[in-house]
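Next up: some structures, all given as structure tokens.
One chain, chain A, links the two complexes that follow: it is found with chain B in the first and with chain C in the second.
On to the complex of A and B.
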């Protein structure tokens, strides 16, 4: 699979804590890559470096062969990389519809002073995206009145509305009710597969990972300790013990 | 509030202003000042949408007023002076905006205050050019080539102020409903998201800043044409505070708010100053306190019939 994003030798430490200690990681065209690992391992730092929020102290991030490490977030967004957040980042005083319309406006170029945000084409597109996420009945609800699960979905929907080529998601199912998790990821995966978008998602739910990831990278103390297809990685006794916290009864003594 | 109700309110407001000016000739001057300050306050309101309070916008008012004072001798017609002053102030707003749009909240407020006080000192100290605290007289101007006597001149400025007020209110309304206007509120609530959507918050705020400078400039030009005398005090920090006061009094929930606030402010000031000369600021303070405690959305929200 041809890589669209290649991280090479990324290093970033906060004080003495090495969040990234020589990370090499590729994301293929149209691939879904899951990153798993204990809390504080540096998974979110990876997303922050890929989207320009943090600058790596060493290493390169190649987007289609071009180094984007250290570019400001808006330049990276313009290249087709979008992200969602572990804690939803919504415009809390706007309705869900307006949140999405703003994302569409940002993508299309918002600098027309005299045409309204809620113009016919954009409103329809926003409604279409909301339907995809099952949010259409919340269109006129203010973002600060949403429950945690809907807030999470709206946050991801805003990133999808930017029509990225690569979507980076930080714990997309955290805060979502267990009964809704799989449905949400299924919807999301369908939307992304239809448009051939690549995705990287940090995830703690192993069922979500095993069902939807094409490949799993295990991040621990700033290093990638395992990288491969979900069946193989999730069956590795070390990974099961260190990351997932399962002690296999029949593990070697 | 529906478009129709707001348009109706605006129309009633305009008619009330004209009727009052007709019935009580001495009110023409007060109402012209109120409309001008309403335009400047409308600009301050745009920045407030982004959660940013400027304590220095009187600088743009004073800049435009002095521009009119300097240019009136050469460009003798008000219909040229007004757009010229507005354009020059917008340019100043662009230069200063490029700098201050990088800052937020207390830093934004204080930087605007500091810059306006620098400008105030320049006006005060360069006596040979600006006549210091004495100020400058504004020569008589023509309106569309017609010389006007005193009463005609007063009506001309009042009508110009009313037309410009309506024009800017409409512009602000369109702007606030446009993507950039809606994004202003995003600066207040979740600025980082704008950055990650590829919409640079600084540019979003800069557009609002230049618009607000243009409005303050228009106000300054109108005030200069009304009072026919400009002084550095027009740019003093209390004059900037007055604009913020007017927005809070009138309410930031709609474009009519600043104009309601400005008219209420000027009328309270005039009547209170006439009846209790030593305590008029006390009365203004009490009015502001009442608004903050009982009508957070200002006079506009009272008219709208529900609390914002």
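On to the complex of A and C.
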């Protein structure tokens, strides 16, 4: 698979804590890469470095061969890399439709002083994206009135409205009821597959990982300690014990 | 009560009319300060300088163009043009060269930088316009007076203060609320204000939003000064008294609130002019008494809300 994003030798330490200690990691075109690992290992730091929120102290981040490390977030977004946050960052006083329209406007670089936010082309595109996520019936609901699951989906819909080629998601299912989790990831995966968008997601739920990731990277103390297909990585006894925290004696047969 | 009113009714009416005019001016300046703080999170002390420079420029431009011989509306247009010029030149200059460098710094440093700018601009004013009072009231004279019926009496009042100032203030209030609620740029400004990270994440150009907002704030400050210039002589120190009063309004209204600034400016404008006529020694005190009273009951200001910030 042709890599679309290549991290090479990334290093970043906060005081004495090494969040990234020589990270080499590729994301293929159209690939879904899951990053798992204990809290505080540096997974979110990776997303922050790839999207310009943190500048690595050493190393390169190649986006289609061009080094983007240290570029400001807006420039990186414009290149086709979008992100979602662990806590959804919707504009709460707006309806879902207006949130999406705002993202489309930002993508288009539009800033006309007196024109309204909702214009026909954008409204239709926003409705189309909402239909993809099954959110069309919530178009006129304010973002702060959504339940957690819809909020997560709307947040990701907003990132998709930016028409990215790569979407980085920080715990897309955190805070969602267990019964809703798989549904959300299924919707998400379908939309991304349809549009051929590559995805990197930090995830703690191993069922989600094993069902939706093409590849899993295990991040521990600033290093990648395992990297491969989900079945192989998740079956590794070291990974199970040290990272996922499952003793094999207690694991399901 | 009835007897008191018979004796003082006219005075009270005059105080209310005066208060309305001064509330309009206070609103224009304070809403600019509030807008800038709400978006940039920088409390700009030099906002008072922009008021003063707007006033001097308007008076100077009016004199240079001989606006005393123009129609009233043209004389008003000269004032607005002066304000637009001052704001459109100084606003981007200050934002680009100075403020842009200190957004990430601590509040104390930001205050010191804008205070330093204020001090420098004070001296610039003295260099350019001297220390003698400057007065050019053509615009106000040209609009003439209007007799406000008051019981069996009339209060003659300048139409400029009675209609033009409050009219422009209302236009600015309605225009700003409409702009922020309904236009794309307005929505982007609000988005950056409520959540800069999220706005940046979807690719909104926060730099452009900051530049636009600061320029708009500068134009509003200069407009306040320009419109105030026909009503009173401009003297050194007017910038300082303006910024202090604006701070009181902004703190009372709740930081970042547009409608709140309007209501508070009205309270403070009316309160102050009633004091001028009935308790002159309390005039300076009144705005701060109102501020303290409001903040005791609502520490976030009349319209303020507790900020919640996400990581």
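Rule of thumb we're sticking to: the second predicted complex is superposed on the first by the 248 of 253 C-alpha atoms of A that agree within 3 Å, B and C clash if a C-alpha of one lies under 4 Å from a C-alpha of the other, contacts with A are read in each partner's own complex, and residues count from 1 in each chain.
Basically, a contact is a pair of C-beta atoms (placed from the backbone, for glycine too) under 8 Å apart; a residue touches a chain by one contact, two chains touch by 3 or more.
Values in this document were obtained by computation on a predicted structure and should not be read as measured data.
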| item | value |
| --- | --- |
| When chain B and chain C are modelled together on chain A, clash or fit | clash |
| Touched partner set for A:117, first chain B, second chain C, both or neither | both |
| Touching partner for A:77 - first (chain B), second (chain C), both, neither | both |
| Contacts of A:87 with chain B and chain C, given as first, second, both or neither | second |
| Touched partner set for A:50, first chain B, second chain C, both or neither | neither |
| Contacts of A:226 with chain B and chain C, given as first, second, both or neither | neither |
| Where chain A meets both chain C and chain B, residue numbers | 51, 53, 73-74, 77-78, 82-83, 89-94, 98, 102-103, 105-107, 110-117, 158, 162 |
| Parts of chain C lying in touch with chain A, wherever the complex brings them together | 179, 182-185, 187-188, 190-191, 194-195, 197-206, 208, 310-311 |
| Partner chain A, residues of chain B touching it in the complex | 174-175, 177-183, 185-186, 188-190, 192-200, 207 |
| List of chain A residues in touch with chain C within their complex | 51, 53, 73-74, 77-78, 82-83, 85, 87, 89-94, 98, 102-103, 105-107, 109-117, 158-159, 161-162 |
| Residues of chain A defined as touching chain B within the complex | 51, 53, 72-74, 77-78, 82-83, 89-94, 98, 101-103, 105-107, 110-118, 158, 162 |
